[in-house]
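Once you've had a glance at the structure underneath, I'll fire off some questions.
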Amino acid sequence: MESSAGRKKIGLIGLGLMGRPMGMNLIKAGHSLTVWNRTASRADELVAAGAKLAKSPQEVAAASDFLLTMVSDPPALEEVLWGSNGAMQALEHGSIYVDSSTISPSLARKIAAACAERGVRFLDAPVTGGDWGAKKGELLFMIGGDADTLKEAEPILGVMGKKWFHLGPNGAGQTVKLAMNLILALQVDALAEALALVTRAGIQGEKLVEVMQSSMARSGVLDVKAPNLLKGEYVPSFPLRLMHKDLGLALDLANQLGVALPATAAARETYNYVKGAAKEDLDYSAVMRFWKS
Amino acid sequence: MESSAGRKKIGLIGLGLMGRPMGMNLIKAGHSLTVWNRTASRADELVAAGAKLAKSPQEVAAASDFLLTMVSDPPALEEVLWGSNGAMQALEHGSIYVDSSTISPSLARKIAAACAERGVRFLDAPVTGGDWGAKKGELLFMIGGDADTLKEAEPILGVMGKKWFHLGPNGAGQTVKLAMNLILALQVDALAEALALVTRAGIQGEKLVEVMQSSMARSGVLDVKAPNLLKGEYVPSFPLRLMHKDLGLALDLANQLGVALPATAAARETYNYVKGAAKEDLDYSAVMRFWKS
Amino acid sequence: MESSAGRKKIGLIGLGLMGRPMGMNLIKAGHSLTVWNRTASRADELVAAGAKLAKSPQEVAAASDFLLTMVSDPPALEEVLWGSNGAMQALEHGSIYVDSSTISPSLARKIAAACAERGVRFLDAPVTGGDWGAKKGELLFMIGGDADTLKEAEPILGVMGKKWFHLGPNGAGQTVKLAMNLILALQVDALAEALALVTRAGIQGEKLVEVMQSSMARSGVLDVKAPNLLKGEYVPSFPLRLMHKDLGLALDLANQLGVALPATAAARETYNYVKGAAKEDLDYSAVMRFWKS
Amino acid sequence: MESSAGRKKIGLIGLGLMGRPMGMNLIKAGHSLTVWNRTASRADELVAAGAKLAKSPQEVAAASDFLLTMVSDPPALEEVLWGSNGAMQALEHGSIYVDSSTISPSLARKIAAACAERGVRFLDAPVTGGDWGAKKGELLFMIGGDADTLKEAEPILGVMGKKWFHLGPNGAGQTVKLAMNLILALQVDALAEALALVTRAGIQGEKLVEVMQSSMARSGVLDVKAPNLLKGEYVPSFPLRLMHKDLGLALDLANQLGVALPATAAARETYNYVKGAAKEDLDYSAVMRFWKS
């Protein structure tokens, strides 16, 4: 998809369930990669594949003409950018910075403003597709920012994803991402409510899932999550604590804008209930535990 | 799927958006059809195609060895069965009665008991697939009742639908149907909340729908309803008043069983809000009017 | 409050937490009382005090010129009125029938119509004040029905309660009662949510209650229920299953009328959760168990 | 209540509906008062009564040995403390700083830590009682912080309020305040839902209020707000935008702690709906507009 001349010095900060496979795909595509993660051991696999491990976000930014961040939440990103040895101060004039974390649109706009002051071009580019999509290089990017910047970033996005949507100025990518996660969270919560109902009525959950899969309600996320709900096994693919956080960001945005979201608000409390009761890290499909903990 | 010897005297009560095309398919398959509807004019098309129009539910039942009912709600069905000139008293020993209305599981069990006293075999057999599925003969039946009765009914169900699921004893079909509608109602409500959020944030709803259709959230119902939400046009396919009623039945069941359904309860009030404000009959995708009436 | 000439033949059906003390006050006031209860042993105390125990609701009605019913829910009342040996058929022309159960306004209107056919005057007259108010004769009656009938009933109501409000035609008493219970249920649920929040934050619940009692939020119900919530002791005064039922009736009415009640709907599911998990009969303040079961 | 020797140099930042009468009471008690407000004209009345108007929060802090802040929300307080010419840098070692704004417990703890570094003693001391309580000097303070500091602050608190509760270390005052506002918001929302129900059923709202005021549901806040709801007049006493913000802070805290608050979450969206639709500033009792806008 790109010539060797297109190979770039890429910095990657955040090596979790998503960041690691994204980094691996960047290395496979021939890019030079410098990485950093709060827990350094998470970099082992990428370092073994050729990535350089930096000592700080600042060092990553200084070594890169394309910075990518993929961290768990807004405070983590603020620390990476503006904390001690933060990345922002080292971003080079003319470089591109793409954040694929899920954060608030307002933080995305604040970052964009800080980048603009330094002559750095910023895209908010959260993704959907899960760790599975990250591994296969089939993520979907939701982009907020300048069209020309996106054009320049596309060859690199294309290594990690199969599709991207330019949705508007900075913040628009995050806005749509929050809306998308709201839909996914409610779909899974709806299936959980439906399963709770039929099983308490004495019907096997498998039967409901079978009907659902022949119906207009069938969706990719329900196909993937239904087995978790039926088995009660919730190995994290997309962790519940992150979905819970994203529902909070969606509700924050909605409450700033004066848009009432009754079902999202109800579902958030159900995820919250499970988060509060859980000892271990769980996939968000564990919302089912509200009914059978 | 059946020999001409399999042609039966079928009675059909309830000639709404669903009942009319179901009846038409029964006629096309060569069955003798006797029909009744509270508003008699709704029978015109079927009568023109060869159906006999009875003067009462009782007369339909007396003329049939296979009775099918497809009415809008539990009170309508109770009236048809036990009201003046009701069908129940005329159902013949040995006949089969299939109800495809969406009602409470407890009413389904009450009907089953009344049928059993008369030596009538009863199936609760609500459907999903919409008026479109009814026209194409591609409904999906959710069956509660006896397996042998289902076996005998299958040739007739096969004229109207492409699939059926035997889910348990009487009431199980309705239980699963209510659970299915809960999922559909929440999917559409979730899309509406997401659209309300992004559009208030200044992003075109079409962009969210485009992303959704490339994502794991894509489902048949969202594909069909998204254009309604974007255009604000809500010609009834599945009327909001009926979806609202079904959410009420689901919550009734859940509250009898002691199963909390927070998101369903929240969504029901949103549908309720729109129902209370609407003057005309609307598709249930008009839940969007909660945000832009 | 009334002369001996005012002493009446009163029938009382329903001898639960409320009915027994109401009956006792009627006896103390010198009325002749005939009683019936599904579980006959509940009548012992009243019989010892002079009440006659009838064999059926019908027998009670036949023996009375003023019938009072106080049962737990709409099905129980329908059974008492129209079940085998039901009371309705025996109500005398010219007699007065007062129902103090909490039922739907539509059932109240149905009863009123059935009474009118027999020349019986009917009041829906649900109460608030709890078993404590019933014992002290300090109930508050919410009345739907004819003003003249109320005038005639007042001497008897005055034996059991200290106040009555004439709220409109039949059904109006029940409508206001459901609205009142909605407020009470939400007040207690709100205190439970607040206590759950502060205690999880490490603050003693007693401190919140102390502040609440010095604030504009203080109310009679919160004073009475706060100790239950703090101690986790829920001896039934007003049983949770009945408050849960009343919230259901309020939501049924609201959904018939197209009035959205988001907070009531949310609270109902919380009460539902506790009802579903509880083995024993609990006061409705046990809604607190949603957080610490 | 205190000798002239007790008169202090008090700084007051934030001169809204609450801050102005609080300042007036401080002046009446003989204290020397230096004030600042973002909109300077709001200081006129206090300046006329003898207060000095400072040019910045920093100048207020430098002129005071007791600083009081009373601003609308967390961002406003952060700006006052750490913005340009912020107060924090000028707080003197040994001085006392009391914040009566409603903010998050975590921000209260962050302020306490910043104060501790400077040798400043901090109390979080949000209030309840409304503008009416502020005028009468009858506020109720909810205190988080050190007991000795509270002892020293009491003479000044006593000028503005009649009661204070020491609830725990810094943050505890805010935690209890958020819990209290949750209860008040739900009480008023519950009354609004109840009024919406009865009026749609054809009963005058006044009748429900009359019953409520004779019942266990009666509370100070319902007495004060019921006339607003009945008349549809919502002159701000406690503005809806602030109650909405406080519900958001309560939900933020609850979601950090893993405590599900279903009714609060539902009510917050109802307030949000009204906030989004309102053009003007309204009292929070305008939540009633959800039903009759």
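Things worth noting here:
Each chain carries a letter (A, B, C and D) given by its place in the written order, and its residues are counted from 1.
We take it that a residue touches a chain if its C-beta (ideal position, glycine included) is under 8 Å from a C-beta of that chain, and two chains touch if they have at least 3 such contacts.
All of these numbers come straight from a predicted model, not from anything done at the bench.
Rotation relating chain A to chain B, from a C-alpha superposition: 180°, rounded in steps of 5.
At the interface between chain B and chain C, over half of the residue numbers involved are used by both copies, so each side presents largely the same positions.
When each chain is reduced to the average of its Cα atoms, D sits farthest from chain B. Chain C and chain D, compared by their mean Cα positions, are separated by 39 Å. For the pair chain A and chain D, the distance between C-alpha centroids works out to 37 Å. For chain A, the set of residues that touch two or more other chains comprises 200, 254, 257-262, 265-266, 269-270, 276.
On chain C, the positions that touch chain B within their shared complex are 244, 248, 251-252, 254-255, 257-262, 265-266, 268-270, 272-273, 275-277.
Remark: chain C residues 105, 128-130, 140, 142, 163, 165, 167-168, 171-172, 175-176, 178-180, 182-184, 186-187, 189-191, 193-198, 200-203, 207-208, 210-212, 214-222, 224, 250, 253-254, 257-267, 269-270, 290-291 touch chain D in the complex.
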